Amino acid sequence: MNEPYIRLLYQPDLENPTLICGLPGLGNVGKIAAHLLTESTKAKLFTELYSPSFPDYVLIDDEGICRPPRYEFYASETQDRDLIILTGDVQPPMEDILAHYEVCGKVLDFVADYGCRFIVTLGGAMESKPEKEIYVAATSQKIAQDFTEKGAAIYKGERIIGASGILLGLAKERGIDGVCLLGSTRGLTVDKDSAFHLYKFLVRILEINI
Amino acid sequence: MNEPYIRLLYQPDLENPTLICGLPGLGNVGKIAAHLLTESTKAKLFTELYSPSFPDYVLIDDEGICRPPRYEFYASETQDRDLIILTGDVQPPMEDILAHYEVCGKVLDFVADYGCRFIVTLGGAMESKPEKEIYVAATSQKIAQDFTEKGAAIYKGERIIGASGILLGLAKERGIDGVCLLGSTRGLTVDKDSAFHLYKFLVRILEINI
Amino acid sequence: MNEPYIRLLYQPDLENPTLICGLPGLGNVGKIAAHLLTESTKAKLFTELYSPSFPDYVLIDDEGICRPPRYEFYASETQDRDLIILTGDVQPPMEDILAHYEVCGKVLDFVADYGCRFIVTLGGAMESKPEKEIYVAATSQKIAQDFTEKGAAIYKGERIIGASGILLGLAKERGIDGVCLLGSTRGLTVDKDSAFHLYKFLVRILEINI
Amino acid sequence: MNEPYIRLLYQPDLENPTLICGLPGLGNVGKIAAHLLTESTKAKLFTELYSPSFPDYVLIDDEGICRPPRYEFYASETQDRDLIILTGDVQPPMEDILAHYEVCGKVLDFVADYGCRFIVTLGGAMESKPEKEIYVAATSQKIAQDFTEKGAAIYKGERIIGASGILLGLAKERGIDGVCLLGSTRGLTVDKDSAFHLYKFLVRILEINI
């Protein structure tokens, strides 16, 4: 295995799905929010992504079964709006910049094949005194405004690091629109409150029936 | 040399061999156990693997002869069950994740050509008070159970790092089954006792005549 | 995205343009000087360069709009001497040597297509007591002399690190001439004075009408 | 520039030349010895090797002329035994293992084209109380003995790091014989004495007329 590869478990019937991405990160806010969404929409695991830039170990479950770390794509076909929810065990290591670009490019290739035209990446925004704010950055001014009208605040940090940022940046290059939504968090430990708050915002703006 | 390469010394006559892998690691348990197995089965060196991800030095023996670090494959054709025993001087450096995947992929390609359908990786499991336990992780629940019935305990660590883990993870991806057997060890120094214990377990479950 | 790529915004009409390069670096002297030149020559952004070796984040502006870090090429067609001015958000990380060579090679490929035969790279030279000196290093003795006659001093540092140096080194390999001009600076903070001094020197030797 | 490349300055008339390699390293013993040999044999620079794994700066000489760091190949055609002497400004960074293998492979490809069948790499061996010993490691026992009979001692270090070791290791893989000769040195500073001692040994065993 010299490059990321995709394993399709089954072929879902998706029409112009929105990609929702929540990977491990600050306070695990994004990953937990994505997990909550997967549960509430009864989304089904349909694809796994493996990469040689993921850590060089295998994960062992309680029954002694091993598997390499991976990204997981879940399909939600039951809503008015089809969703692909991306979550995973890990991100490539911070310093492996090329790997970040490579894996994010692979993800966008994959979802583009399903006609995905919009992506939402989820993460945490570090604050010393977080007040349950949702911050937004977007691929265009119009989209940023749409989200501020729905209650989010423009993200004033200068940059967004990791998959949440790179996916958005690369999507924009390809003509795919999107937003990054960040739940305010101290980020020192797993922050389920911030994740739940972000999840609820997401459900509202996506008009999901749960 | 830009990628791992294989040097075949002679062509052994192997039928669906089991791969046994013991490389340098915690307490050198795996490597020593593999060495003991090579000795007792009179297995013969038939292939060397070199890689540009191995350290950038040459090894010098007592007579001043140099050679690059390498992996070595030994063939045991004298048992009911043919074996390929993999051992080596080194592993790729911890932080070179891609190299781990690349070398392990090369190993699996190589043994697959001989019809290998099962692999056993050997290593050490760190414990503050090791009690000569053998731990097991496997590619399926059935295999894990087979080994617990033979006296191993399910490995409760969350991950297995390095070749012992990656080989198993990549094997599973290719539809090859396998187990990782870990001898309990303090791991601070070379642990010949743990290695011998692991070796004896291995001989018993492989039903090897020595 | 696995390698640097170029996005052409419009095709300027340039005849044997001189490349002026000012990227982030010591005291930001080079980048600011390049910015001043872009402003005063009313140069227009015509090309962007993106690279997977640039940092793995996206930049967010005041309105929440994100974009990946990039290099920017500006075209100045209004002078007797056509200019391509290269500036950017970042440089590849210090330790990623291959990325430096790769991106600089890409830049030279790009400007060579416009018939560029001369390059000027801009930067800062660290001094404990800077005295508004302009230092020069060049691809040939003749060019170095030309610039010392115009008031620059031979650079006595032993090496020039990063794009300012590599661009010049690679240009020389390709038979393209050039100089590196370094404004003396303490380099601890952004040094607008040194940048302005360097800019004025540049305008004078390029005989630019502003 | 994405890989090492060779620039031929002129085509020397060499018959089965011996490669002598002295690059920067411990006490700079090898590089200085190679330099002395170049001077005394009036060897001429005929080829340069550049690599994107060399440091990302350019070197500036006293007249302000810049050039990228490089390896240099000198040809000595005036002796009974033709020589290619390899020296250089740098080695790839310690941690870039792949670069070491890649550059050394390129060197061996290059000298093999001239019919080179034997290589001598030069370096320093660290000792707290060096006694002007010359140590040897070789690609075969016979060659090691040849050199011990001429006054060298078998090297008892376990490994030889960097180009001196890798060149020898890769040469052996290709069926080219060779030795590494190490001058004993404290290695804390440039050690001209050790280098001169190594150079004299080299001249004697190569039967060079100076």
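All chains are identified by letter, namely A, B, C and D, in their written order; residue positions are counted from 1 within each chain.
Here, contacts are C-beta pairs under 8 Å (C-beta built on N, C-alpha and C of every residue); 3 or more make two chains touch, one makes a residue touch a chain.
Note that this is a predicted model, so its numbers are computed, not measured.
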Most remote chain w.r.t. Subunit A, using mean C-alpha positions, is D
Mind checking subunit C against subunit D and telling me if their interface is mostly the same residue numbers on each side, over half, or mostly different?
different
Superposition rotation for subunit A onto subunit C, Cα-based, multiple of 5°:
90
Inter-centroid spacing, subunit D versus subunit B (mean Cα positions, whole Å):
37
Inter-centroid spacing, subunit D versus subunit A (mean Cα positions, whole Å):
52
Numbers and ranges of subunit D residues touching at least 2 other chains
none
Name the graph shape formed by the protein chains and their touching pairs; answer line, ring, star, complete or other.
ring
Which two-chain combinations qualify as touching?
A-B, A-C, B-D, C-D
Mind listing the subunit B positions that touch subunit A in their complex?
94, 97-98, 100-102, 105, 136-141, 144, 148, 154-162, 165-166, 168-170, 172-173, 180
Using the touch rule from the top, collect the residues of subunit B that touch subunit D in their complex.
1-2, 7, 50, 52-60, 62-68, 93, 96
